[in-house]
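Chain IDs A, B, C and D follow the sequence of writing; residue 1 opens each chain.
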Amino acid sequence: MRVGIIGVTGYTGNELLRLLLAHPEVKVTYVTSHSFAGQSLDQVHPHFRGITDLKLSSFSLDEAAEKADLFFSALPHGQSMDIVSQLYTAGLKVVDLSADFRLTEENLYREWYGREHTASHLLEKAVYGLPELYRKEIKEAVLVANPGCYPTSVILGLAPLAARKLLEPGTLVVDSKSGTSGAGKVPNQGLHFPECAENFRAYKVARHQHTPEMEQELGKLFGQEFNFTFVPHLVPMIRGILSTMYLKIKDNLSYEEIVNLYREFYDGEKFVRLLPPSMFPETRNVYGSNYCDVALQWDQRTGRLIVLSAIDNLVKGAAGQAIQNMNLMLGLPEEAGLEAVPLRP
Amino acid sequence: MRVGIIGVTGYTGNELLRLLLAHPEVKVTYVTSHSFAGQSLDQVHPHFRGITDLKLSSFSLDEAAEKADLFFSALPHGQSMDIVSQLYTAGLKVVDLSADFRLTEENLYREWYGREHTASHLLEKAVYGLPELYRKEIKEAVLVANPGCYPTSVILGLAPLAARKLLEPGTLVVDSKSGTSGAGKVPNQGLHFPECAENFRAYKVARHQHTPEMEQELGKLFGQEFNFTFVPHLVPMIRGILSTMYLKIKDNLSYEEIVNLYREFYDGEKFVRLLPPSMFPETRNVYGSNYCDVALQWDQRTGRLIVLSAIDNLVKGAAGQAIQNMNLMLGLPEEAGLEAVPLRP
Amino acid sequence: MRVGIIGVTGYTGNELLRLLLAHPEVKVTYVTSHSFAGQSLDQVHPHFRGITDLKLSSFSLDEAAEKADLFFSALPHGQSMDIVSQLYTAGLKVVDLSADFRLTEENLYREWYGREHTASHLLEKAVYGLPELYRKEIKEAVLVANPGCYPTSVILGLAPLAARKLLEPGTLVVDSKSGTSGAGKVPNQGLHFPECAENFRAYKVARHQHTPEMEQELGKLFGQEFNFTFVPHLVPMIRGILSTMYLKIKDNLSYEEIVNLYREFYDGEKFVRLLPPSMFPETRNVYGSNYCDVALQWDQRTGRLIVLSAIDNLVKGAAGQAIQNMNLMLGLPEEAGLEAVPLRP
Amino acid sequence: MRVGIIGVTGYTGNELLRLLLAHPEVKVTYVTSHSFAGQSLDQVHPHFRGITDLKLSSFSLDEAAEKADLFFSALPHGQSMDIVSQLYTAGLKVVDLSADFRLTEENLYREWYGREHTASHLLEKAVYGLPELYRKEIKEAVLVANPGCYPTSVILGLAPLAARKLLEPGTLVVDSKSGTSGAGKVPNQGLHFPECAENFRAYKVARHQHTPEMEQELGKLFGQEFNFTFVPHLVPMIRGILSTMYLKIKDNLSYEEIVNLYREFYDGEKFVRLLPPSMFPETRNVYGSNYCDVALQWDQRTGRLIVLSAIDNLVKGAAGQAIQNMNLMLGLPEEAGLEAVPLRP
């Protein structure tokens, strides 16, 4: 199987290539870069030196169609939709890692991303690529919208409760913390090392663009729309997202019943690991891997349930999940190329 | 004025000394260390080399009483109460930085700190040392219980709402994030650099011992006891606490009215800085200083108010606040020795 | 092929397991831990949860001999020699990651490691496990002494010059910088996060125990004993060693001639990557991988050659190199299980 | 005394202001910024909120001359010389923190900084602002060229040996390691957090522009020009420089004699701290302070002396030293405003 990566020199494109070079069943045959076209990959990313002699192309539909069978678009949102649309129209399979095809409603895209959608006819074709929820649809999909990093951590943390209609929507508060690689490769003041190291801060407080994506997916599971409060924070580390979710439960379930519900819901899911009582997720325990670690804690004093989840934002939160989707789309074993042990320490 | 520091070699003791050596009105004349008695300070802490020739003593009440007029106890909780009790009985003024005299109710101490209180007769004598709330009482106090680091960040964030009885107690969720120095100087696995760097995690989820302290103080302001959910997290940085507080408001106040309420409440308070709209606290903006930065954000979609506060856990969260208390107890200008500009970058 | 890891819960044991679980040709069948015997591995190291159900044993020669065919000893130096000796005597193949069998001369061990060698009869049996130099001998070896992390970075940096007798021994200065994981898993004051983050320091200045190992190996290549100055430093990061080596050259070689000499010397070596002019090694470019990046720079003003090399101390500097040795000992492809792309960012 | 800071929003300008606001004898009355003129300082640097209400001006000689008596130029090299020249011509005292007036020879400036000097007539007027060497000249100076950060650490480490003509010039190798703030505030790829954290690298190997400055000053002390090898490295931390210097000694001096020579040379110097045997500098021990810690270690096996020094690059390596110079120029106590205890942890 031959695959292509559109936009390979950003952080998600780079991570896709890292993982795909170790994939037993597919071969990367086409990689593009707008800024570095014509160069070899190891000139731009010296850590690939001696490992691959891939050359960076400018995107061309003809060359793409000739060279590969499935494509990952790792372009920024807003830039991705055009090329994805071309690939789709040419009948080529695509996993889009941008946000361009995640929201079903065009007006939400306009509102939260501040631009017009130029390929809105594809919004209903796109399958939301969270395999733990939509495995069957992904297998049939031509266009998969790969979930955002925060949404992956939050939806996997809350899906069992939403699907069983157990959460009290009005009580939900999600406080997420992310490493810096989620913000991408382009330098800016806030990610300049002397500003960002030894520092901790919230950003886009209650207005992060991943909010409607989480509400859409949790609402679908819950069977009813609802809003919740979401605040992201920036951690002085490179990789990892930890989400702490606070909510109340509708029925009078015991802690054990909730744990069992999670166990059943994720039974057989290789990449979701429920932690035993008194053990909490650490981002380092999933570093470089496709796992999502989930823990539950009851706050008896207030009757609140606390759900914690951790992922590597570049793997389960982006490139790893995209490969999991690719595996499903190509009929490969779902975990192929994704079995690396987390890197710790 | 002569002051002593009991337990100077831990992180809060060390920070007290750093700040007091620059204090224009007091002189540190007595410092103790159980482990390093007999050595000079710069043998244990080489960064003091050439700055002070203080020698470390074993604590003795007689020597203490002879050498200084006011004492800081920077001993761990459980160890502090005995020495504080001796000093108090001898008529000496004390600021206790441990948790031993913060909780008014003895049984809460037993429950959350897992030990008996051996000086419980002093619990009612101790004044809670948050100058923004108890300035008058602190001026008269002999024994001041210096607030915990998390409580300082949370109480300053919520005091205006609690005092005006505006918060809906059942809605309050507090998600705090702390640097590692709050855990003290003794090495352990979780703070071993290779375990802690590039890692983020929650700990003591919904069971941190600072919870009853915050509930006690907010309840006093609110005029009624209430519980809330508190989850602390560990950030891979040395200093700083950022607390993100989620709640609903009782009356139908506008954002401007809430901002005005905060402005009035903290009018004239040198160390509480309200940030303008769209600016959020960063721990680095208070690094090494006694400031507490506070911001308010309205989440219109859910009707929730989000309050964010940042402090340096070793300064406003410990040693700086202790000196602020000392200044009040000794009739000195409250900000004496505490006017350093935050260190950034 | 079945392999065992003696001392799997330390950092090198843990890294061996991470890499071996992805190895296509061998199976880890036996893992021991003195401190955690009886527990399952994921209780001690939760990042292995869901990946392996290996149980931790206490070491027993009989069980070891029954369960596996080749062993890695990842015990601390001083503790390793006894168990290695037992395994050797039982005719079992061993790669020893401790320092116990690296020095040929027993008295050097006594002098630099401060203890008696209790298995000195094996010193002459052990092959120094640097495949780029001793590939042939390693293939035949029963006992391989896996090189130290600093020595790997330094010997690979200087081997071409030493082997061609081009370096002026008296001019050699080696300044190395290491991440913190090289110091192992046991917490101590110097590696306590608040002491080690935002800090840089030298340690064991001119007296690090890896010095005689480097001198032995470079002396063998050079055909003559010589001493040089070695100073290690501690970098506030988890993984990586960068060595900067300063020396003068005997003959009047041009920069191009030296580069060519390196190119020839490492021709066909998969894991040594020579960088082009004006590109210098970064530890992050070899992160999590078995590569050693090497660069050369001429300082024309002083006539000095500067050689820079970077490795991941836990991979090429320990576990990865050990697996490379195992591959040779077992007749497997040398790069089997070691082809992971460096993790960056 | 009224002082002005030209270019206050960069890292050295910001640090000057931090320190000067705590200075007992001077008042900052004029601050400029090209990019942010017209704004208040706390809009650009929120950590100054509530501390100062200084407004940012565009530089104008008339306004400058009216508002202050002495100026710091914290502009980048190349931009500084023009404004410094204007101030000088107007008879105003200046401490220039750029590199523009450090090199006596114009052609060296052209060669290493890659531009023409447009105020070369002032090169001979400028005094090199290292108070430990040129205290007398600085007191009389109108224009002081504040030393570079690397040069400060290296010259203070070697001055006693150079002045006594004891070092063997041909043997000197200097390996320096710096935190990231030395590279300034403008974001770039190499200082983007995800590229720079968990990474270590050399840069400008044997071609850093501070090299001729160090050679000029050490040559003056030594009484004869000489070259040496200098390699700087980037440490994933914010502040601090540690230099490791390797050399041989001319006469047959014992370690004690060398130590005594250093002790005499720096007798009475408040800001140079000689460490006792077996103690080595750590950058954190001088964090935020004006100290330079120096240690000596003999490598008996090779007959080489190793000198280690540590400074805070923004304080003794820039703003602190500039204030030390100002104190001398204004007849104030040399240590005024510079007595802060290093911030640790």
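Quick notes on this structure:
Definition applied: a contact is a pair of C-beta atoms (placed from the backbone, for glycine too) under 8 Å apart; a residue touches a chain by one contact, two chains touch by 3 or more.
Computed from a prediction, not measured in an experiment: that's the story for all the values here.
Of all chains, the one whose mean C-alpha position sits at the greatest distance from that of subunit B is C.
Two chain pairs, C-D and B-C, are weighed by contacting C-beta pairs, with C-D ahead. Remark: subunit C and subunit D have CA centroids separated by 39 Å (rounded to whole angstrom).
Chain centres here are Cα averages; for subunit B and subunit D they lie 36 Å apart.
For this pair, subunit B with subunit C, the centres built from the Cα atoms lie 46 Å apart. Each of residues 11, 179, 181, 185, 194, 197-198, 236-239, 282, 284, 287, 345 in subunit B touches at least two other chains. For subunit B in complex with subunit C, the touching residues are 11, 179-181, 185-189, 191-194, 196-198, 236-238.
By the touch rule above, subunit B contacts subunit D in their complex via residues 11, 14, 17-18, 21-22, 45-51, 181, 185, 197-198, 238-239, 270, 273, 275, 279, 282, 284-289, 291, 293, 314, 339-345. Within the complex formed with subunit C, the subunit D residues making contact are 170-171, 173, 175, 177, 179, 194-195, 197-203, 205-206, 227-229, 231, 233, 235-240, 242, 244, 246, 280-284, 287, 297-299, 301-302, 304, 306, 308, 310, 345.
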